[in-house]
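Here come two complexes built around chain A, the first alongside chain B, the second alongside chain C.
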Partner chain A sequence: MNASYFNKVNIGIKTVIKGLALSISYLFKKPVTLQYPHEKKRIAQRYRGSIRLKRNEEGALKCIACGSCEKICPAGAIKMVTVTPEGSKKKQLSEFYVDLGLCIYCGLCVDTCPVDAIEHSIVYEVAERKKDGLILRLDNLGEKNV
Partner chain B sequence: MDTEKHVLKDFYVNMGPQHPSTHGVLRIVLKVDGEKVMSSETVLGYAHRGVEKMAESKTYIQMMPVMDRFDYVSSMLFEWAYVGCMEKALGITPPERAEYIRVIMAELNRIASHLLWAGAFLLDLGAFTPFLWLFDARERIMDMFEEVTGQRMTNNYFKIGGVADDLTPEFFKMLDEFLNMIRKRMADTETLIESIIFLERVKDIGFISKEDVINYSLTGPVARGSGVNYDLRKNEPYSIYTRFDFEIPLGEKGDCYDRYKVRMREVIQSVRIIEQAVSAIPEGPFAEKAPKIVKLPEGEYYFAVETSRGLLGVYLVSDGSANPYRFKLRDPAFSNLSILDTMLPGNKISDVVAILGSIDVVIPEIDR
Partner chain C sequence: MDLAMIADSIIVKVILSIAGVMIVFTINALFATWLERKVAGHIQLRLGPMEVGFHGVLQGAADGLKLIAKEIITPKGVDKKLFALAPYLAFFPTLLMFVVIPFSDKLQVRDLNIGLLYFFSISCIATIGIFMAGWASNNKYSLMGAVRSIAQSIAYEIPIILSILSVVIITQSLKLSEIVSYQSKFWIVLVQPVAFVVYVISAIAELNRTPFDIPEAESELVAGFHTEYSGMRFAVFFMAEYTNIFLVSAMATTLFLGGWRGPFFPPVVWFFIKTYALVFFIIWVRWAFPRLRPDQLMSFCWKFLTPVALLNLLITTFFMKIF
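== the complex of A and B ==
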């Protein structure tokens, strides 16, 4: 027990009191935490949530079934089934799958689409009870991504 | 009783792979004598994904989101290195505004990374309050990223020839708010924690000499904490870093405290760069036209940036096809971790946490 020991204790007490005073001043500030899920965060317009297909004014899908998004997807989350109706040269989309369990929300499919037919919604709560529920199809692409 | 028999010889402690202060799946095998570490061995590979091999079967564009997933706390700096390398190969120069946007985003990302490090480092040493204060500040950066890039982490924002989208007026409002609070928050944090309790734990442990910095090719705050003045932004300026007035904080002794101090001061320097960039940002296009299918001309390309952990180099070999022939990263955390085994012997077990924390490793970047 020498003098430097008590000196250190002295400095320790002083700095602790200084720190306490500072943290007490923070006690009277507005809280920054949100009580999720009762309070929700503001989501940015550009937020990259789950994927959906766009429709034009008549309600038809804009997609031309070129398959660019399927090709570029680094995770292999997009699968596209196309049909060519008789008497027509154009391919048509018959089924479209997005596996949200694989999707990495990188936005490459949206960037690469030549006709701007695919976009990100701002939906971020995509938890499901069954793995099958994570696969979006043509018929539930719209429903889930309101 | 024969005491000789009961002496424990070669007692090993496994720190990790599941340990709260290794920040990921890092395993350190410590040979201890009582409380003293005699020798240590770092075991890597728990998060190995073979990304460098994977790159050879992916196109150049498909690798972009993967770049975010090495060092997920400073992802845009990693994007910059990769995009910069491809721009060098293709001979594309991004427009003026894009360069400014890149600098702003990269420095914000550096701040976010240092804030996360400081919060977690102090939490490891038992200080909980600064963790919350610094994460509040970091949260504001994440909100800004969400506003501009669309994602809080793994942004995928840098594109060949520029950036994905322009900055919004809302972003500038948020940035203004952030710049107003960050200096006070850093000062508050330093007043709060620089008590004798903290200083006794970090001062005079984990020395790295200047010679070791060079021998182990350490970079970033770890090197600068030992007084080695090496920062790519000053030494080999890329992009428009020559236009900004900022300092490179240096330590003197090279102990844990110096490395902590260097990072805390770097945050303020990054704030200075952002302030200058925001006041000088020109109007104009945010991206140059880039090819949709990227094929690099045959050859070898290298581009390096200074990330929040040190020098990151991306090396690409192209054979002219749509996939890279070879993709190699020279990343800072791997080199910086290599010195750990020579630093630990002689220290107490409780100091291992402080020494490892002061190096600032991110495991997915080391195991790749």
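== the complex of A and C ==
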């Protein structure tokens, strides 16, 4: 029973009260939890989500089927099938596949496109039940990527 | 037989009492676990359970259902009989302790004239269940947890008894209804603040809760004595723990906070308000402090709590003799 004993007791009581006050103050603060499936995070506009093809004012695809994106894709996620209609010299896009299982979201296809026809959407919920669902085609390239 | 005689017969009373105790026990187990998770969540800036029912109120029921549906696993090498018996030995004393709790002036199963003594003697039996679980599990973590639990229970029993003795000396009774009726003018906590603080601290230690949760210290002992338990047997331990929190708070309410007394609301409501305020406090403490080392725990009890409780008892006796 000396001074240091009472000193320790004094410090102990002070710390206990301080700790209690701090934790109760957190009880009334706003939680930081995001209730994910119910509320979604706001995504920055430059977020590199899944790939989609742009359309011009008339609603036609801007793509000129040059194949640059297919060539530059480091993961080999883009496959393109082109046709050249008779009497025309321009190639046209007939099939376009993006395999999201392979895509690494690097953005090289977007950078390399000479006519700015391909872009990233802000879609990040790309999980699928079947492997097949990961492959984006021309017909669902626009719809899936809102 | 007319209705009054039926209501008066001992069998009906026993059945009603058991039903009442089971209802309080079940609702408390569900509510206390929900409260714990909610308070824990919000103190850590989370939300806690949100999915099952309004703000997750039915989470406890969902968890209970899951645990009931689980297979009861008896690990290899355990003492099968003791292993199966231990959870119930830890659990049944908590039901027995309900017997003397005065929920209101009339709502009490049995108003024993040694109610206080009964309560604290029965509470000791649960420790045997805990040790049995640790011993029968044939697991070093379980055994270590059980040994620590025993050491802690013995140590903290002393300040708890000393602090309630000061109350007994003031009220001159071990009968809980008399202790409550003594507090018709003032709460005992006003004249015995030290005893109240000592009681609450020791009670948290008796409950094996943080910051005194060394018997089930996750980071060193996995889960202490219930490491090997799963499914409903684990749930029984779990329910016993939360019922004990309620009982300890109920006893503190009765001894120090005027029991069921209070204005405007009916007595039962006041009783539960006070009890759950204390339950909230115990949960709050859990999320405010880190765990103590075993030696710190022991020295805190023997070098601080026990002397303070003893000194408080001496001063109380002195003043009671004079006035």
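A few comments on the model shown:
As a convention for this text, the second predicted complex is superposed on the first by the 118 of 146 C-alpha atoms of A that agree within 3 Å, B and C clash if a C-alpha of one lies under 4 Å from a C-alpha of the other, contacts with A are read in each partner's own complex, and residues count from 1 in each chain.
Criterion: contacts are C-beta pairs under 8 Å (C-beta built on N, C-alpha and C of every residue); 3 or more make two chains touch, one makes a residue touch a chain.
Just so we're clear, the structure is a prediction, and the values are computed from it rather than from any experiment.
In the superposition on chain A, contact of A:E95 is made with neither chain B nor chain C.
Residue contacts after overlaying the shared chain place A:G19 against chain B and chain C alike. Within the superposed three-chain model, A:G107 lies in touch with chain B and out of touch with chain C [touch as defined at top].
Judged by the touch definition given at the top, the superposed model places A:R48 against chain B, while chain C stays out of reach. Contacts of A:E128 after superposition: neither chain B nor chain C is touched. By the touch criterion defined above, A:L27 reaches chain C but does not reach chain B.
Once the two complexes are laid over each other on the shared chain, residue contacts for A:Q35 go to chain C alone; chain B is not touched.
Counted by residues of chain A touched, the larger count belongs to B, out of chain B and chain C. Within chain A, the residues touched by chain B in the first complex and by chain C in the second are 16, 19, 22-23, 26, 32.
The part of chain A that touches chain C in the complex is made up of residues 9, 16, 19-20, 22-24, 26-33, 35. The residues of chain C lying in touch with chain A in their complex are 39, 41-47, 50, 284-285, 287-289, 304. Only residues 8, 11-12, 15-16, 18-19, 22-23, 26, 32, 43-44, 46-48, 72, 74, 104-108, 111-112, 120 of chain A touch chain B when the two sit together in their complex. Per the touch definition, chain B reaches chain A in the complex via residues 58-59, 61-66, 129, 133, 136, 139, 143, 146-151, 154, 156, 164-165, 188, 191-197, 292.
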